[in-house]
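As written, the chains take the letters A, B, C and D, and residue 1 is the first residue of each chain.
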Amino acid sequence: MRQLATIVSNRLIATATMEMKVEIAPQEVAPGTFFHVKTSELLRRPLSVANVEANVVTFLYKVIGAGTADLAARRTGDVLDVLGPLGNGFPLEQTDKRVVLVGGGIGVPPLYYTRRMLAARGIETVAILGFDTKTSIFYEDAFRELGETIITTVDGTYGEMGFVTGPLARVDADVLFSCGPEPMLKAVAASHIEERYLSIENRMGCGIGACFACVCEAPGGYVKVCSDGPVFRAEEVTL
Amino acid sequence: MRQLATIVSNRLIATATMEMKVEIAPQEVAPGTFFHVKTSELLRRPLSVANVEANVVTFLYKVIGAGTADLAARRTGDVLDVLGPLGNGFPLEQTDKRVVLVGGGIGVPPLYYTRRMLAARGIETVAILGFDTKTSIFYEDAFRELGETIITTVDGTYGEMGFVTGPLARVDADVLFSCGPEPMLKAVAASHIEERYLSIENRMGCGIGACFACVCEAPGGYVKVCSDGPVFRAEEVTL
Amino acid sequence: MRLHVDLPGLQLKNPIMPASGCFGFGEEFAKLYDLSMLGGIMIKAATGESRFGNGTPRVAETAQGMLNAIGLQNPGVDAIIEDKLPFLSTFDTEIIANVAGSTPEEYIHVARQMSADPTIKALELNISCPNVKCGGMQFGTDPDMAAELTRLVKAASTKPVYVKLSPNVTSITAMAKAVEAAGADGITMINTLVGMRIDVTTGQPILANRIGGLSGPAVKPVAIRMVYEVAQAVDIPIIGMGGVRTVDDVLEFIYAGASAVAVGTANFENPYVCQEIIEALPGRLDELGINHILDIRGKAYEQTVSRA
Amino acid sequence: MRLHVDLPGLQLKNPIMPASGCFGFGEEFAKLYDLSMLGGIMIKAATGESRFGNGTPRVAETAQGMLNAIGLQNPGVDAIIEDKLPFLSTFDTEIIANVAGSTPEEYIHVARQMSADPTIKALELNISCPNVKCGGMQFGTDPDMAAELTRLVKAASTKPVYVKLSPNVTSITAMAKAVEAAGADGITMINTLVGMRIDVTTGQPILANRIGGLSGPAVKPVAIRMVYEVAQAVDIPIIGMGGVRTVDDVLEFIYAGASAVAVGTANFENPYVCQEIIEALPGRLDELGINHILDIRGKAYEQTVSRA
């Protein structure tokens, strides 16, 4: 579960946004799961799986603080201590349903791998990706290759101006997969789509379910984001 | 005084012993002075100047703990935050005297640059260098190029078996320059050479004379190793 | 046998155990390595009823440390006994129950239930949790209250009782002596230091609970000093903790006077850390010329070395 | 003017000053930058007579912290007044004298001499130095003794007196209230946490003094929490310190309730750190939309934000 992954590449792809590819041991990695990554800092940093090709996992991450700044300084050939894949991802058994993917900012990464896996199963998807501004956008072409892709920017510098909820209201789909900041998740959780799956973020300690740092209120009591999630049905969590 | 020095090379030259060359801004660097080097750890690490060629300073350092391990992992092109040169070095105005240099282990580095500077002034020197064992020896050829060089090893695997004090007893000189572990310094401080200069090590805080961490007892009271030294006349300090 | 440590109620095959609250009830770590290799396991705090704990964020990182304010989330003593202890009983290691509460009655109830279960070999009396409004800390910072609670729990328990001390006190030795006099069989120390971090973009504390408990390498020097003081003040054994992450940290605690060591926060950084320390111990003892690990216990104060 | 802070006796052009013992008497740092840019300077502790201090090693590194046991080495109050203050008086910055001693009489003597010198704008009463056998810590951990000493020094001093609190206490607010009631004009906090490190190759403490004071980023969460508590308990201003190394650390202390901030250990890591923080402050205030730095003082407790 813990392994030393060799960095294949690590490059800037948008404002303060890096793409890192690391080579791991051969194993199954489900879309929507994450790795808990050791940096210069004490606690590990959770990063979603943005893609997997052969044994190479892609992370797309925003440089926020000391941990991600340390990652951004790593070079090809450096070795990264990663724990994972962890958690439970998006359900892929949507064979005869129409799926809409809704991502906001740094919540976009897990949706790329998810869309690829859905496409591999012949499932058609629409993606709605929200960013702050034009220079924050990443992976647009990669998403377009896999189907209809609607981009929104808060400041209107690219695509539709506004939030993802605008285009989402017009979309006709049975299932929604979403990842992004909490206000966005709250909005999409209230949308008209019948089956809604949300990937939740929370500050973590262990990342494996032992410390109760990452709990999220739930109708029946609580859930642990790291081991019960990070993906939940909207009804399973109280945002 | 503080500057970002670019690493030109950083390589293993003997057991757990590294040679690092860094490029600094053009400036005077006297033999026997040191730089206070920032590593991954909180406090800086004092490292003697082992050589200067043009704007390139050489450090020779033993990997002891976290700070030097971090240095050992740096690569060419990386940038190092160094403060210096600091302290007062060996007096070079020995024009008509015979100088013996006595170094032990990781006390050898400052003596190399010192010997080069003495040689540049036409002063003949004898060097006695003590190591634990054959694989710990470094810079032997470089020293030999500059004059008579006697090597001792504690286990007799190379050169004379025993301590530097053996050959030192046979040497005829007016001035002694020494750097090495405390027991060795105590021994050479008691030697027959008339004028004895010792380079002292002590745990440091600031490195510039402000915190009183590095004091050493002295006949008159105390001295600060970082700013009054690290080089002292044997009479100036109580070892 | 050079790692074997005998303590009241506990036959530790080695002196390494995960600290309470940092290892849950072992289930997650059991997927990573065989828990039977551990000297013991200090399980998560139990209260009388189930508790949800504090709001989130519950953790905040600091320089080589972390703050936590979990707030004693746990399913309650009965659910733990029913759902968690059977699994733990399948491992060949000593299980220590961490006993918490808001009132003396709740502590007594939990202690009675826990000590009655054959899987539990000893109790750890948590009088020092800084993250709950009632109970916890108050008992842990006043020697008289700590002594009284120790007496009550000792009377209710059929198993040895270790009292877990809070470092947030003026005199740690006064606390230790008080609980020793009240009948404690051992001391575990230290719990977390009370701390806070503020998010400068909001001006508000990061933790929902505002304050939290500081743990990790940052606190180790305080823990070592306190163990060193307490070991000289009491005759009961000490299980030391606070910032342990390497085999040398373990030795530091034992030199300071501890008989065994618990590992908390380091399990988050490296979930294999206890296993790795246990595997590294014999080799490190060889290097340092130490025969039995307890040969060095308290040597930091027993043997005085002359200094320049 | 957005950085200007007015405190009893001190007109600080900005709220940044080096902490006592980490900046000597300014001579070394004056070679690196113009000391007139500093809000103030807290000079090294003065005692009645010159002191040599403890044996070496006097410092030991810890995870993001350091232990020191300098032992109040200083040339004595008269020599400081004669040899050090004239140089410091050439800078346009506020000089604060750190007053130490082993007996109340010594404290009074030092306070009287120091406060009589026009270069000194305020006294910092060091009742909390953990590294000396007599005096220091005892005064700093007992509210009654702290209050009594404060009263005596206040009576002897013609300048405002700031009392420096020790974090090694059960109740920091009790200490703060006691010295406030005794007439303290302000509080400076925190001094160091008592800690120890043991060298596993010798089994002995690294510091010759065995124990030492922990400082640096490791202690910042404890310092922030204590400032946050004390600011709500007293009406006199607080100069906060403990682990400050960045401009955001400064803001954290002010959000917690401090009116100014001192920088200690970070001067060793980066001797230009005070200068750099002062230069970075206006830009950071702009980014965060803060007009005057004291607009955010205490906002961590004054303004309560709703949480999910």
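Please note the rule applied: contacts are C-beta pairs under 8 Å (C-beta built on N, C-alpha and C of every residue); 3 or more make two chains touch, one makes a residue touch a chain.
Since we're looking at a predicted model, the values are computed, not measured.
Colleague: Applying the touch definition from the top, give me the chains sitting in contact with each of chain A and chain D.
Modeller: C
Colleague: Which chain maximises the distance between its CA centroid and that of chain D?
Modeller: In terms of C-alpha centroids, the chain at the greatest distance from chain D is A.
Colleague: From the mean C-alpha coordinate of chain C to that of chain D, what's the distance rounded to whole Å?
Modeller: So the centroids are 33 Å from each other.
Colleague: Determine the centre-to-centre distance between chain A and chain C, using the mean Cα coordinates as centres, and give it in whole Å.
Modeller: 36
Colleague: What whole-number Å value describes the gap between the mean CA coordinates of chain A and chain B?
Modeller: About 54 Å, centre to centre.
Colleague: Could you tell me which residues belong to chain D and also touch two or more other chains?
Modeller: Residues 56, 64-65, 216-217, 308 of chain D touch two or more partner chains.
Colleague: Can you list every residue of chain B that touches 2 or more other chains, as numbers and ranges?
Modeller: Answer for chain B, listing residues that touch two or more other chains: there are none.
Colleague: Which residues of chain A touch chain C in their complex?
Modeller: 1-2, 38, 41-44, 83, 202-216, 221-222, 227
Colleague: Which of the residues in chain D come into contact with chain B in the complex?
Modeller: Touching chain B: residues 21-24, 27-29, 31-32, 44, 52-53, 56-61, 64-66, 68, 70, 73, 216-217, 265, 267-272 of chain D.
Colleague: Where on chain C does chain D make contact in their complex?
Modeller: Chain C residues touching chain D: 55-56, 62-65, 67, 141, 168-170, 193-198, 200-205, 208, 211, 214, 216-222, 224-225, 228, 243, 248, 251-252, 255-256, 288, 296, 299-300, 303, 305, 307-308.
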